[in-house]
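Below are two complexes that have subunit A in common, paired first with subunit B and then with subunit C.
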Partner chain A sequence: MREPSAVPRLLPAAACLLLSAALALSPAQESRAERLGNNLRCPICTGVPITESTNDISREMLRDVRGQVAAGRSDREIYAYFAARYGNFVLLDPPKEGSNLLLWGAPLAALAAGGAVLWGFLHRRRPVGEAAVMPVTEDPFDPYLAEVQRHTGQERARPSGTRDGGQA
Partner chain B sequence: MTEIPSTPKTSAPAPLWRRLLPPLIAAALVAVLGAALLSPSHNATDGGPLVGKPAPQFTLTSLDGTPVSLAALKGRPVVLNFWASWCGPCREEAPLFRELSTRQSAGQGLAVVGVLFQETNEQNARDFIRDYALAYPSLRDPGIRTGINYGVAGIPETFFIDPQGVVQHVDRGGLTRERLNVGLKKIGVAGL
Partner chain C sequence: MLNLISFQASGLGALGQLALLAALAFTLGGTWLAVVGGLRADTRATEAARRAVWAVFALVSLATLTLMVALLRDDFSVRYVAEHSMRTSPTWVKVTSLWGALEGSILLWAWLLAGYAFILSLTVRRDALRPWALGAMFVSLLFFVGVCASIASPFTPLAQIPADGAGPNPALQNHWMMAVHPVLLYLGFVGLSVPFAYAVAALVTGRLSDHWVVVTRRWTLLAWAFLTAAIVAGGWWSYETLGWGGYWAWDPVENASFIPWLLVTAFLHSIQIQERRGLMRSWNVWLIVLAYASTVLGTFLNRSGIVQSVHAFAGGPVGPVFLGFLAFLLILGIGLAAWRAPHLRDEADPPAPISREGAFLAGNWLFLVFAVMVLVGTLFPTVVEAVQGRRDASVGPAFYNAFAIPLGLGLLLLMGVGPLLPWRRADGQSFWRALRPLLLAGLGAALVALVLGVRAWGVLGTVALAAYNLAGLGLLTARAVKQRGGGLGGLVREQPRRYGAYLAHVGLIVVALGIAFSGTYRRDAQATLNASAAPVHLLNETLALQGTRRDARPYGQSAVARVLIDGQPFEARMNTYVQAGGTAFPAPAVRYGVLGDTYLVVTAFDPQGRWASVRLIESPLVSWIWWGTLIVVLGAGLTLVPPRRATARVPALRTAPATD
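Moving on, here comes the complex of A and B:
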């Protein structure tokens, strides 16, 4: 209570100093700024985040991020700030919403549709297929099959497990 | 020999739509690929997220030390050019800006403003201005704050701002007379 009038006067100045210097970030804020910076593309590089590039614009953008983190802006607000200026291109991991959702969802939808078609196909064909395969294996291959079975039966003395009398 | 009687059996129940489906899917894929291949070329030099939005405000000082703010230019169409002396295409488009700067007039008339982008040597910028006799202010942008606020990645980049302060057109890369005129027309200024 010694100098109650000085504090309100100094507060805006201190806030300005904090914002302009952007150095007084807590460790949590520091890691948040780092994480945000890792997802912002350096606009003049090829696929490099601003945290990994050393050019002036990346450095200034990162300083901007730190300033906004210090000002208490949310991740979404900070990403929106840069996307409004540089386009969604600036986001290395664009939000999965809007037309991006279509991009992410289309492969999953295609997989599901393909699975459904395959499931339907297998379930429709199985009874017909089994009925068709049975007589075919029995009738036309009989002479050759019998000979093969006879040969293999002689050499190995082990049946192939068919329903015919190949166990001799 | 055994396949001949079996073919009519399988082809008979296949309906027309099922036979047309594979070529239709193939055609659709080709169309989507074609559209995707052609679309990047149209947003190569112009457009951007700021088009149709209010131009970000700034108050900067020129190389002469005069403060210039966008707010003070409200009511006038503004051509805002980000440049630097080390930038080759900026040099190529400079004669056009020289010509454009003669079209400026007070009141409701055109205003041309340059903003230095990562200028490494102010003396080079002054020489550039003298060489091309650029009759408009070029502003210092410490910390690239205004550059980042306008989403500038490379230079030259030119913003065409209408009298209401809305960005109507953006063009990246060295301007040609035709491309400059496209931007000028959008802010109600007669072409060069």
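Moving on, here comes the complex of A and C:
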């Protein structure tokens, strides 16, 4: 969510138009500049990219982005340029290197680990003898009892979902 | 030492503080009684604990009422009123001030918790779980009432009584949605305390009966519906007030409310496996413990200021206390679950991969990965700061979207397969036959979208999966209607749970389409409009400034730009509030449409009123998110309706409950 107090003393939009008119970018460059701007954080606001912020520093940075896009620099070079000036803090799309690999790798690791656990669970087969020696808990789930309940209309105690399987 | 109470300084303050201290005393007593009732199987002690809940609810209600009266009567002798309200605010703002700042929001939390405990005390069955469920509620109450009555008391005396209060947070008085979103969110968060209490009770007693499953599922559904509505209401608030035309920015506190939602959604599906098959017992207990803990984590993030966010209230002593409670909940839950692990082992064989259980479990997997992703993204900057000593990392939407889009599409894929599959094991051939029309519908829809010019793969995927889901649900419903005869209404009344779930799925598809289109095809342009000049063309629209005016109000003023967009009048405002100096809060003018919204924000004014700078945003299908959520909530409500019997059956055998 955007911080409301990031909207103070708005630069008159006439000036903004002048700034953007200063550089003529092709539509492809324009959308690239916008994407880059969306991934650069305003250094003095709360979690707002420079495209959403209207303070002078964001305007300045956005103009810088457009200039560098026009000069044909790569995304990587542009991000590196801003990181060097304002710190990694301004990179809303953290580059996939160094300690950021922990960030980008964590969901993938969770996906792999979860997948392995799920695979293991679905393909686990109990040894035949084990069920007999398992300790009986106080109220084990009893498929037979459930079947009897289903036929005697006992499932009213449960919601109707007990009936709804197996029809597909 | 905290100075908690002063009878001379403030009558209402003293009343509220006394009520909270008395509530705390009853909570302590009730906790002890519940534990005694549980350990000795003493029904008298349990009954006394049950009544202690009523006293706590009455006393916290009294404290809440006291604060509300103080707010409405502008009684600035009460600290909270002096710090967060003022005379000139409209009445609805004074009412919402009750939860507009830290102390009041914790009081609201405590009050809702006491309310849930009260309802639980009236509905809880007389079995072995009862004392422990009440006891677990008391432990939660102990924390919240304790915090409320001490370090975060809204009633502690003031050194000097001011003539007028400092006023509410301006961001929170900009839109009426602030009256709705926090209350819904707390109803959702706090509602999870009941399933958590049942989980603790089940772990302590070692009884995870069918009854546990049914009761926790219903309470969880209730909390889930509130949470869903609250998250989207928060998005709507953001859309309507923050002036950037978006509704979700992966802000840490938004994330904090989303993580419990993901975990609870996973729980609602996996608990059906336990209900049907008696599997996944310990997994379900883990999930609900984690979901409840994640609500406390959310509150901790919100209140401690360790993450940068719009929502973060000023720090204070509350953050560490919440962290302590979070640690306590996790240790309690994990400790109990580990201790009871042998009792929670499943008897039945694991399900076949292609079965409804298999689909639910795969869904659980994706939901958990989603939750881990959001959690890691939220905490990563804080961890980096802790290691490096300075804020040197940010995680923005680019990271979250990179994972959220494929994970969301994966979940939509499973959502279509789930209802199609039978329990236990699907026969491969008939499954593929059942799946074929869905795949064809999805493929067809994607082709149509492609021909119509959709190129973004995320949108194509969403369109395909939406058609695939709708085809599946439509075919299943049509087949059931044909088999049963009669209309759809009778079928729904017989199986409200099944059709409620279908309806909720339809709502989610509507929401998914809204998110995909509005996220991808949002367009945005800025212009300066002159009152006397010719109309300006912007994004297929013609904009003409009719004039500007200033509305002065006692609590601030609004600068209003009247703009005609294609002949339709729009009044976009820029509000300033007396307590916030020159900071301007935009109030956009939005015209809602089925296919897209037109959204006008004014960004600058000429003091003489000759020109105004505006930002025009057009996003397609945004309102589908709000309507879809309404459908989801209606569906969730429908699943809670008791089914009507189809035909007269053999009278039910009233067997005694197997527990006790």
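Note that the second predicted complex is superposed on the first by the 87 of 168 C-alpha atoms of A that agree within 3 Å, B and C clash if a C-alpha of one lies under 4 Å from a C-alpha of the other, contacts with A are read in each partner's own complex, and residues count from 1 in each chain.
Here is the rule we use: a contact is a pair of C-beta atoms (placed from the backbone, for glycine too) under 8 Å apart; a residue touches a chain by one contact, two chains touch by 3 or more.
Here the structure is a predicted model, which means the values were calculated and not measured.
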**OP:** Mind working out whether A:Asn100 is in touch with subunit B, subunit C, both or neither, as first, second, both or neither?
**Re:** second
**OP:** Based on the superposed arrangement, let me know which partner A:Pro43 touches: subunit B (first), subunit C (second), both, or neither?
**Re:** first
**OP:** Tell me which partner A:Gly115 touches in the superposition: subunit B (first), subunit C (second), both or neither.
**Re:** second
Original post:
Is A:Ala24 in contact with subunit B, with subunit C, with both, or with neither (first, second, both, neither)?
Top reply: neither
Original post:
Is A:Leu91 in contact with subunit B, with subunit C, with both, or with neither (first, second, both, neither)?
Top reply: second
Original post:
Which of the two, subunit B or subunit C, is in touch with more residues of subunit A?
Top reply: C
Original post:
Touch check for A:Asp64: first (subunit B), second (subunit C), both, or neither?
Top reply: first
**OP:** Take the contacts of subunit A with subunit B and those with subunit C, and give the residues found in both.
**Re:** 87
**OP:** Going by the contact rule at the top, pick out the subunit A residues touching subunit C in the complex.
**Re:** 1-5, 7-14, 16-17, 38-39, 41, 46-47, 49, 52, 54, 87-94, 99-100, 102-104, 106-107, 110-111, 114-115, 118, 121-126, 131, 134-135, 137-143, 152-154, 156-168
Original post:
In their complex, what parts of subunit B are in touch with subunit A?
Top reply: 48-50, 53, 118, 143-145, 147-151, 153-154
Subject >> Residues of subunit C that touch subunit A when the two form their complex >> reply: 170-171, 174, 206-210, 214, 217-218, 238, 241-244, 246, 249, 251, 253-254, 272, 274-278, 308-311, 342-343, 345, 347-353, 356, 358, 361-362, 365, 368-369, 372-373, 376-377, 380, 384, 390-399, 403, 419-424, 434, 476, 480, 494-498, 526-528, 580, 582-586, 603-604, 611, 613-614, 639, 642-643, 645, 649-653, 655, 658-659
Original post:
Taking the complex as given, what residues does subunit A use to touch subunit B?
Top reply: 43-44, 56-57, 60-61, 63-64, 83-87
